[in-house]
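Naming follows writing order (A, B, C, D, E, F and G), and every chain is counted from residue 1.
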């Protein structure tokens, strides 16, 4: 799945799912690193979304302020 | 026989006389009523005394009596001055008398004295009785209750031309100062003697025939002795007057007299003159009332006009002032409305501006808060994933360690160490010696190595 | 004239009624003059009755005696 | 209404009613002039009535006085 | 509505109704100016009515005063 | 929707709805900027309405004042 | 079976099965040594998997940290 295509909310949901599985020991040790990589990817995506949202918000709010 | 057993009339009368004289030596006091009364020209007075039953008029006792001329003048004068009453038929008397008996004329009382006090008491009692009787009829106030005219101008007079006071009365009425015209009409009646009641009643009858022509009736008679006036105590007369359809005004006798008819009359005056004054007063009063009303109506009419004038003036001024006030108020209301609208509009706009600004602020704050919360959630998730993994690794490490120990514990070398050994034959641990033939070689393992041996038995 | 025709009592009553209305301002100004005239007439009538002899009455009274 | 036909009392009452309305601000401004005109008419009527009553009363009283 | 046709009282009532709405902020901003214009028109109408009434009233009152 | 066509009241209502969602974290981060942009547009619309109302009001009041 | 091909979870399961049998003395002395050998091998495999997972996770986390 392209990281651009997953929504922020879906990403957060996936991270929560993975966290659940880790906590419930539903994951094989072999898979752990892979899942972590997925999580970091998702977070990266989220961060980027957040940053872009932030900068846009800044821009918009600046416009209002004017 | 006849002579011895009978007496002659003279003898009998003589015996009666002697008995009576013995029995009535002293004079006696006798109460009786005079039934017949006769003053003889000779100066003697002959009387018949009677006693009537308590409640009847039937004669229960009677006796002749005489007052000799020698005593009569004294007795009569004393009696009449004391009682104001003539010795006459119908009056009750207390007499002091000798019982006389004359063989020819029979029994008679020789009156020596008459007590005027007894008769006086009797007159008063009689008068009282009449009053009580009248009272009992319930008509005492009937004449008083008749409406009295405003001005008693048509007056029926019951009197006699010769009666004292009549002329005074008519003069007074006709020559009154106020020049009020009175219509006087005399209805003659006897005003003296025992025929008074009947005569007056007859005169009243005549008045009654022309009732509508008159306002009032006056009964007048000036002066007179007690006895003269006692005829005005008559029950029937009083009874008649009480029920007479016109107001009756009495003026009988002197100042101190008060005959019974005074009590039933509409108004009692002391004397005929007093009646005239009384009647005149109404005219005088009425005239002055008319004058007063005339003045009053004039002044009230004038003041009504003054009041109305003022009212009109007040109304004009009121209209003027309140119209001006009305206009001012209307104007100021408009001004106020405009000012209020202006203020409210500006305030409204300000409020809207403020709200919009606040919305903008809320938006900024909300947006950044939103972003911050998202970011911190994200960080929290990463941290939680990290620590969950850490925990997992720790757990797996532990598990592997435990498993390693368990495995080590299961190693057979540990048993061999304690001196146990395992022998093998053809690579298999020997559990049953019979499986091995004698002379065969077996290998035995001990802790520090192994050795081979041959089976001897 | 019959004495019942306009009695003093009736005259006084009428005068007082009118006077009462004037005093209580119940009288219309329009009526005032008329009422005043009525009152003065009544007073005049009463006075004349009071002072002058009515020959008719005198005649009747004279006849009674006969 | 013809001013000759209204009674003095009725005229006064009408004036007072109108005055009351003005005082209580119950009149429409549009009506005011009309009502005022009515009031002036009524006042004029009343004054004339009052004058005629006055002269008549004077006459009557003078007659009595004589 | 033609300003000549609305009565003074009705005009005042309408002004007060609008004022009430402004005070209670019941009006949309879009309507505000329009309503205000209505109010000013009404006030102008009222003033004109008042002035015309005033001159007439003055004239009449002068007559009463005389 | 054309900004000229939305009423001031409706605009304010929409702004408040969006603000509520932002405050309750009910929006996807992805949507935030978009919604915010909508809000700023609405606010701009409102301000413009307000300004035009204000200037019109001023004009009207000035006219009355004269 | 190549040791690379068995999963960590499966390895753990096999270890535990063998150790269970030993404890219950279900194994012959002849088999024992063999099985023990298997266990030590499996444990080694697991340890190695664990270590590599750990080091990979560390590496990833370090990457994120940067």
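The criterion applied here is as follows: a residue touches a chain if its C-beta (ideal position, glycine included) is under 8 Å from a C-beta of that chain, and two chains touch if they have at least 3 such contacts.
These numbers come from a predicted model, not from an experiment.
Among the other chains, G has the CA centre that is most remote from the centre of chain E. Of all residue numbers used where chain C meets chain D, under half belong to both copies. The two sides are thus made of different residues. The largest tally of C-beta contacts between two chains is found for B-C. Centre to centre, using the average C-alpha position, chain A and chain G are separated by 34 Å. Per-chain CA centroids place chain B at a distance of 82 Å from chain F. Distance from the chain F centre to the chain G centre is 67 Å, each centre being the mean of its Cα atoms.
For chain D, the set of residues that touch two or more other chains comprises 8, 29, 32, 36, 39, 43, 46, 50, 53, 57, 61, 64. Among the residues of chain B, those touching two or more other chains are numbered 294, 301, 305, 308, 316, 319, 323, 330, 338, 345, 349, 352, 360, 363, 367, 371, 374, 382, 389, 396.
Touching pairs of chains, sorted by label, consist of A-B, A-F, A-G, B-C, B-D, B-E, B-F, B-G, C-D, D-E, E-F. Against chain F, in their complex, chain A makes its touches with residues 7-9, 46, 49-50, 52-53, 56-57, 60-61, 63-64.
Those residues of chain C that touch chain B in the shared complex are 3, 7-9, 12, 15-16, 18-19, 22-23, 25, 27, 29, 32, 36, 39-40, 43, 46-47, 49-53, 57-58, 60-61, 64-65. Of all the residues in chain C, the ones that touch chain D in their complex are 28-30, 32-33, 36-37, 40. Interface residues of chain B facing chain E in the complex, by the touch rule stated above, are 316, 319-320, 323-324, 327, 330-331, 333-334, 337-338, 340-341, 344-345, 348-349, 351-352.
Those residues of chain B that touch chain D in the shared complex are 294, 298, 301-302, 305, 308-309, 311-312, 315-316, 318-319, 322-323, 325-326, 329-330.
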